[in-house]
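In what follows, chain A forms one complex with chain B and a second complex with chain C.
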Partner chain A sequence: MYNKIKWTIMTLLLGLSLTGCWDYIGIDEMTIVTGIAIDKNQQTQNYELTFETISLMESTKEEGFKTKLIEATGKNLLDTIRNAKKRVVDKLYFSDMKTIVISNEIAKTEGIGAIINALIGDAEIREKTNIIISQEETAKQILNAKGIDNPSTAYEVRKIIDNDNDVTSSTKPLFLYEAFNTLREPGASLVAPAFHLVKNDDIITPELNGIGVFKDDKLIYYIDSIDSKYFLFIADKVNGGVISLSTDNSGKDNIALKISENRTSKKYSYNNNKIKIEITTITKVDLHDASDRLKAVGKKEIDEAEKKAESLIVKNIKQLVAKAQKEINTDIFGFGNLVYRHDPLLWKKLKNNWDEVFMEIELDVTSKVKVMNTGFTK
Partner chain B sequence: MAKDRKEQKKKIIDKKVSQINNSLNKGTLFNNLKDNLSYMKELFVDDDLFIIREIENNFNPSFRCAIAYCEGLINPNIINESIIKPLMISKNIKKDDTLIDHLAKRIIQLYNIKKTKIIKDIVESVTYGDVILFIDGIAEVLILNVKKFEARSLTEPENEKILIGPREGFIEFLPTNLSLIRRRLRTNKLKFKYLSFGDKTNTQACICYIDGIVDNKILTELYKRLKKIKIDGVIDTNYITELIKDNRFSPYRTTGYTEKPDVVVGKLLEGRIAIVLDGSPIVLTIPYFFVENFQTSEDYYMNFYYTSFVRILRILGYFFSITVPAFYLAIIAFHQELLPTPLFINIALERQTVPLPTTLEMIVLLTVFDILKEAGERMPKGIGQSLPIVGAIVIGQAAVEAKLVAGPMIIIVTFTGITSLLIPKLNAPIIIFQIMLLLLSTTLGLFGLTIGLSYIIIHTLNLKSFGISQINLTGEFKYQTLKDTIFRAPWWQMKKRPKQITKNQIRMQQTEAKQNV
Partner chain C sequence: MRKESMTSRQAISVIVLFIFGSTIILGLNTEPKQDSWISLIIGIILSLPLVLMYARIIKLFPGESLYNITERLLGKVGGTIINIMITWYAIHLGSLVLRNFSEYAEISILLHTPQIIVMISIIFIAVYTAKMNIEILGKWGIFVLPIILIMVIITLILSIGDYNINNLFPIMEHSFKKVFDGGFKILAFPLAETVLILPLADFFKKTDSSYKIYISSLIIAGFTLLIIIFRNLLILGTPLMTLSYFPTFTAARIIELGEFLSRIEGVITINFVLAEITKVTICLIVGAKGMAKLFNIKNYKNLALPVGLLIITLSLTQFSNVFQMFDFIKIYHIYAFPFQIIIPMIIWVVGEIKTKNNKVVT
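Presenting the complex of A and B:
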């Protein structure tokens, strides 16, 4: 009995020394951060951080929570975060933070690598925090704007991105861990959702506006939300969205196809110092909208719509790749990573002048569209 | 004078006590009726219930005898008609060597007569409603059974109410209880063995088992433990439970208990042993498996799909009631990142104005719940209406509105309280482990909870009842060993008795082929 008690006490004491840095924290004794906007003052070279936090004092059970913004400046990120504590009573708590907004300027001039490195090392910040780029002058403006549904703009932004893929397929979410991994992956390309501000019902509100593409960790180009769908086709990230096209010669888009499923496969071949990429997309769609409702949709019309959609996808993909080759001059699709994964030795040979190789890439796109359903009653 | 009398009285009492304690076992009777009677009077001095009545025969005046009994325990009509009357008017009473047998066989018209010479037997019988017949010139007495007790009628036990199935319950009178068992098991294999416990109370107990099914090893182990009991009184079966327990400090039960004869018969048929105690409606059954905590008699009387589901609910209820408060606390105080964001914000909002830290808040509320529960059980029925009002409105609603406690906390505490009511047989482990886990998780978070749960699991796996593991540890997962554990198999599949407690395992001769015809 005595021995038993002795061992029990010793086990419990071990628990105190082995359990890391947890401690009892009252749940109401922290400032819950929902999002950060990261800016940099060009004159002083200081970081200017804006934290969106939940204001427990102003919130009520009936009306839901309210948010407030806390600003801080500092020489580096950690310093700035600590500086913010000087203004608030309770410790800042980051585990429920959903969005990191990085300003256009930081992303373009100095790159986001340092920021991601600093944030991913923090114990509280989750790996699944979204990173977005602000197309406005500062990142703060995004958090300062008001979301339509959610009292927290950061949460609103997160939800817009989450649901985008199934409905419009115009952006590819970027999580903190993804950013970290992609930056270290040879030949891979970093893509982040871009947001700008629009006026909606007289209130300025953030809107998703395509994607920003990166070379290494520096932002180089924005793809708008129409082209970004075809970017996602290449990246095999399409889960929804609409393809509109015209089957008659009126020039009006009289047919809408709702994408229900898409699979893209990419292959490459290497011949005579030239890379050839083959992209094959297989898309299942529902025929959803036709201008002439009274006319029954028959096999002929469906076949026609399928053909048109196929050629539309092929055309747009080719255009986008050509744009990357001529205007952006960067492999934004991560074709280099495709080569690296299949043939690391070849990648080793090509990686030093991959940009030139990319310019010369030959593209072969095949598309297959299958109408599964016509979305109206006959 | 008064002082003298007091001293005298004290002396007599001392003498009596010493007589009862020391010489009662060895004491024997005298030949002479007068000596016997004065000896009895001395034994029962100051006991006005003890009555001696002397009788003489009308036709043979030399025959003198006396009956002694305790008032209130006997049936006076039978004494008048079957004992006093024949002794007075019988014509063929002769004083010779066979007189006592002659009386027992021919004169006294009673169904139950015993002979004895031992004072201890006399004292025990007369205090249990028997009449003692002393005969002049014979150093032996007859014990005549004319017991008549008042007892409660057979009602449905309050604690084991059921929807379907037998509703009879045991009462506080041993012979009735035994009859309830005997009536349901009409076989000569059913054995009853009388024992008595307590130096002062001399409480009668009866051990029941079915010969041929019961494991003799367990039976001898039980006798061995029962023999060790040296206590002045045994009033309820729980005295025995605690005195013969395997692991004395464990909050778990190692004996089963029930108030229903049908349950006892079911357990006897599985090879268990029942201990019935006079004066208590609770019957013990041993050995006891851990799953029996979650079984009720209704499980076997209702559809097996339904009862299996309910049994799983009970097991979950036990698990929830010990872990949920500790888990909630660990998450709220240590691992907030485990909470989904909307819930996290809601709880933070609720806790905003609560003055107490979460731990204290929980301990206070759990205590309040236990107070309400206890008050509900003990309260006189007349004022029963006020408790739910106080509990629900004052403590629940008003406390939240006054922001003394957070809303989620009330939900957690109420949930825990209700789940713990699912398994009344485990009330002791629930209260102990709940508090233990709560304290561990306030100091060490989920890590502490894990330590505590590991301890509970190890302790539970180590439980023994009469040398038999309460949980099957052989690692053998055959259908027949699992058929009555977390689910209840249909009756036609319960072909064998539990392997651990009986060697005669086959319960059902019927084969499945026959079943299907």
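Presenting the complex of A and C:
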């Protein structure tokens, strides 16, 4: 009996002394950050960060939550984040952050590697935070603009990217951890969604505008949202989107094909110091006839549309690769990684002059398009 | 007084938990990168003869603790030296595991809590369990192991969307020597740490097959670790898995199902706490038993608290930062070699000879 009392008292005492408040943060004591925009002042070489935060004071049940922007400058990222604390009462809390906007300037001149390394080591910042590139003058402008639906621009941007793949297939999402990996994987190439500002109903709002492609960690080129679809065809990331083409000779795109499924396989072969890449795409589409034709769609029209679509995909993929070889001069498709994954010894031989090898790559593209249905009407 | 004992099922689950210990969060040796899983399989194969040797020692002297065997086989002096070494290994391993956890807690979840608080909380449960009948530990094993396995399976299923099959390639990029070396490190940490079960052999029933206990726990643990290594590799990819201190934790952070289900890493932390407590408890019991033998104290349970305090002190003072800890893990296989291989080998060989000559009356 005495023992029992002793144990109980000890347990209670330990319960009191061991459960502490060291790591307790009440929700009213933190400022929830939803997104960061990273800029650099060219004169002072200081980072200029803009945090989009949820303002708990102003948020009401009827109107939903409101956001505020907090700015800070500093020598490096951590320093800047801490400097922001000088302006706000509560600790900045990063676990709900969804978007990191990096300015065009930083991505082009100094590269994003350092930023990614600094952010991934943080315990609060999640590995699945989206990274985007601002095509505007500063990254801040993107966060400063208001999204159409969501009060938080950062959340809006995240959702736009999330849904893009199934609806339009114009960009490839980039998560923090993927960026970290891609920079370290042999022959892989980094690609990030690019955003610019457009005017919509008199309000400036961010819009997804294709992808920015990188050489190592430096941004070198933007691919617009039309060409980026064919980039995604090569990368096997197409899950939706529309191919529009014309079947008559008017030059007007009278047919729209809605992609419902796509599978791309890539193979390479190595002969006489030359790499040959074979790309095969198999695409299932729904035919949505947007023409002013009055008769029903028959087998003939469908066959014609399939053929046209196949040649269109082949043509565009070839054009994009040719552009990468001649204009961008970089393997933006990660063909090097394909070689590395299957034949590390060959990659070891080629990696030092991979850029030259890439210029000489031969391409063989085959495409198969299958129309699965024509919507509700014939 | 009834002799304390564990059933073989209890023993198996406790040993599996012991192997999980800190491995479940620290991850296995990832130096061979995407070939790590091959290293693990090599490690399991390498550990088979070793584990058979441990089982044979128990079989030779059924129902006897290692501490009693050594004195009988090697005489007073030799036995004592080996007992001191095993006791040291148990206490040091306990302190290492404890430190692993507190470092993990400081980096990932309890950023501002002093490490000693985390350590006291864990060691308190360990001391309590050690002071109880050994059956408690056995029942704890039976109860906890399914929880951990279910959680591993849950994370496995939830993360399917994040798998990238390309991460597995190229297979065997690294030289066989490097992969084999990785296998040897996995053998030392954690598979061959099961040498510490030998001093607990007096808790096994004499009728239970020690081979069955050792081999089945090795297979269950090895298979689970294989699943874990595949999951981490498929989610994280080679660079992040190699560079992350806690790959399993990082992998769990990536799991997100839509907007509503995220922060699975809490589950992983629970896993670690449960396996961690088991490992520390076993180290504590083995350490206390060794101390009791060395100082001729009848009941080792009286020493549970002092040994627990010793573990905490050692744990706090042995490294001054996390880099030292991970540096030590890198050379751990060399340090552990005598405890895991040489000492059991000596005992086994001498034991075989002496039992054959019938010099030892069992």
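We adopt the following convention: the second predicted complex is superposed on the first by the 351 of 378 C-alpha atoms of A that agree within 3 Å, B and C clash if a C-alpha of one lies under 4 Å from a C-alpha of the other, contacts with A are read in each partner's own complex, and residues count from 1 in each chain.
Everything that follows uses one rule, which is that a residue touches a chain if its C-beta (ideal position, glycine included) is under 8 Å from a C-beta of that chain, and two chains touch if they have at least 3 such contacts.
Since the model is a prediction, treat every value here as computed from it, not as a measurement.
Trainee: Answer with first, second, both or neither: which of chain B and chain C does A:298 touch in the superposed model?
Mentor: Neither partner.
Trainee: A:98 contacts which: chain B (first), chain C (second), both, neither?
Mentor: A:98 contacts chain B only, not chain C.
Trainee: In the superposed arrangement, does chain B or chain C reach more residues of chain A?
Mentor: B
Trainee: Could you say whether A:23 touches chain B, chain C, both of them, or neither, answering first, second, both or neither?
Mentor: Both partners, chain B and chain C.
Trainee: Could you look at A:180 and tell me whether it touches chain B, chain C, both or neither (first, second, both, neither)?
Mentor: Touch partner of A:180: chain C, not chain B.
Trainee: Should A:56 be classified as contacting the first partner (chain B), the second (chain C), both, or neither?
Mentor: In the superposition, A:56 contacts chain B only.
Trainee: Determine where on chain A the residues touched by chain B overlap those touched by chain C, and list them.
Mentor: On chain A, the residues that contact chain B in one structure and chain C in the other are 18, 22-23, 126.
Trainee: Hey, which residues of chain A end up touching chain C in the complex?
Mentor: It is residues 14, 18, 20, 22-23, 123, 126-128, 175, 177-178, 180-181, 183-185, 337, 340-344 of chain A that touch chain C.
Trainee: Given the complex with chain B, which residues does chain A contribute to the contact?
Mentor: For chain A paired with chain B, touching residues are 8, 11-12, 15-16, 18-19, 22-28, 30, 32, 54, 56-57, 59-61, 65, 93, 95-96, 98, 124, 126, 155.
Trainee: Quick one: in the complex, what on chain B touches chain A?
Mentor: 332-337, 341, 344-352, 354, 357-359, 440, 442, 444-445, 447-448, 451, 455
Trainee: Can you check the complex and tell me which residues of chain C touch chain A?
Mentor: Against chain A, chain C makes touches at 107-114, 117, 120-121, 124, 166, 169-170, 173, 236-240, 250, 253-254, 256, 262.
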